[in-house]
């Protein structure tokens, strides 16, 4: 099911985000890019209803996201934050298990089915051997994978990831993005990510959204919209697009 | 030469006067071991220790009081009966007992009485104001009470009256002691005192009980708070002691009384205690910022009759009580009035 | 290796669960008066078999059934309540330094007890005052912070302010108190299970039971709530509603425990930490095991307070003097992430 955005406006003291219209195809990976302060995280949080959402702005299929109850919404959408600072040393397995919260009524304990979902998620991201280790003992990259696993355990149809590759070394960056694209491809989830790294965005995404100062400058498939003048407009820096091994690379 | 002779003559003439005042000054050693020089004439007295305030009134020197302490001002229903004029006296101590220095200086007493339980206050007060301070308290012993009366009497120039009061008190105590002297230990009732509005706080020493021919079960325990006579025990201990009589601190007014006789009689934890089963749970007066010298005598009589009624067949407590109060304070029916204020229906003699 | 660790954890958990019962049994036999095991047993049996009543001296029976038994039950209930409350609030506030009194409860209770002991008469016992004002303090915090944004930080800050306010009121009451009332008040403030009777239990036990049950049922939910508020909301949890529920339950049980036992510090801070050190942070285990360890801790402290000397030592002194060094020692030993 598609995600459709219709006249989304978000105001806080210093910043206004204003999106006329956006659409995200189901089963595809979309990357939101732009300079710092463009509003990428804000847009993601609005779409995930982390920021309060007005009615009739974000639609999931034909459902108005704002009209859903929290637990219902969480069964549809997972949100993976940039980081999680561990205060209590839960095991990786227990951590991932918390992703099942939307499926459990208030006073219930996770059942065998919930444990199975967590197990499945752990196996998908390849962290099963780490399942009984404390979360705090994992490396940055591994922690990101755990956060993704938690989102997977939620068994939602949409996945939002905020800057999933920041602070990761190239290998881990690649690893995470491979997983993320697998999620769209193999599992058919609708995935939205925000990214700083333009090359990765171009390589992995099915569609791109360029944000600058709270406005959508361009949106569409990379092949269609990626031009040097667009890049200059968005980043205020002259860039060149270079073809290499069948891929497009951005050079400053 | 003529000048020197004049001066010498003057000194010779004045010398007797000077030495006379020297001879009339007293040095008294108080309960803290401080040696204090007291002026010959003490016309203005400030007592910050309620027990002493009562003694001053009993000595007939009540009109010399220039102020009162916070306890007497706010809580002492008894003092209001024995010295109604206390209403007009300014309050010279703060709520925590610390003397208000400015007030003390303004009242300019010749002598101040304080409590020995605050060791630093007498010295600091005397040091800062230059007024002699004496610290006395009975701490629950008759001997000390009598010494206190004697010293206060001497300081106020009422030594004769003091001797009178002591004589009177001793006669009453001797009467009781004679009557109970030959009672064997086994027949002296074992008494538990529930004091200070608490089931588990009891005085380690309370002479009226012993003098009346009873045994204070808590005697010999260590006090829980230094400088006081109270000890904390737990209920198991009380249960094991299995007292014959339980006495409840009765000087609290009825609305603030937390431990009551009927409370104890109905308490399931003490159900099978001998005193509870035989319904021998009574009020007694107890401390009320130490003692009232008249009331403690009446209390001893009351307890003597309670413990050994057959030895005091014609002791009419109300009559004797009023007589003691009259002897000490010169008031009529003082004891009756106190009992009415305390509003207790089940005194031991009723 | 994993297997050994898991086995050790299971044994630890089982041990912790059994501990309060063992200590309860032992404590029944501890006291000023040495009572042989036989008589303790007979006292209990005489409840069911009336004929046994004659075989036990009434003093012994009364001590076992009316003095020791209610006191121990209270230690069990209060110890569990304080520890679970601390554990739940630590999870909720995502802060391991939080204790059960963080929202102003101890100051409110102290003031309530003082008010009752100093000004109000017998009709208003300190237990009632302590309970009412303990809960009132927390409600005040919720109300004031709620008008702002009810974020956890604002709750904590408001808790500090309300706490300070009630402390000031307490000082005022102490200032105006007679020396006799003051003595009673200080003793109450130090924590004391000595005067607990069946009546105290009858009123406070149901409240503690309900609150403990609530938090027990919410124990897995606490894992989720201990994530950041944003994450928890993204996971589909109505953070606002559940936060209130946890705070309310924790407040009720803490207020009930404090009203009958006085202020007993450190339990709610130390016990959950010790449990986490032993079995990890998963609240499915931490909550019940905190209850067990908290109960054991208070039982042991109470037994010591009763029997070390002839004087009753206030129990609050024990929990601090024993708890803090034990905690520091374990902290040093574990070295790793101990949260």
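Order as written gives the chain letters A, B and C; numbering starts at 1 within each chain.
Throughout what follows, contacts are C-beta pairs under 8 Å (C-beta built on N, C-alpha and C of every residue); 3 or more make two chains touch, one makes a residue touch a chain.
A quick note: this is a predicted structure, and the numbers were derived from the prediction, not measured.
Chain centres were defined as the mean of their Cα atoms; on that basis the chain farthest from chain A turns out to be B.
In this view the innermost chain, defined by its CA centroid being closest to the centroid of all protein CA atoms, is C.
Chain C has its Cα centroid 43 Å from the Cα centroid of chain B.
Between chain A and chain B, the centres computed from C-alpha atoms are 83 Å apart. Across the interface of their complex, chain C is touched by residues 48, 50, 70-75, 77-79, 81, 84, 87-91, 94, 97-99, 101-102, 104, 106-110, 132, 134, 136-137, 154 of chain A. Chain B contributes residues 71, 74-75, 95-97, 196-201, 221-222, 224-225, 230-237, 239-240, 242, 252, 255-258, 260, 267-273, 289 to its touches with chain C in the complex. For chain C in complex with chain B, the touching residues are 31-33, 58-59, 61-63, 66-68, 121-122, 175-181, 183-184, 187, 194-195, 197-198, 306, 310-312.
Per the touch definition, chain C reaches chain A in the complex via residues 2, 6, 91, 94-96, 217-221, 223-224, 226-228, 230-238, 242, 276, 280-282, 284, 337, 339.
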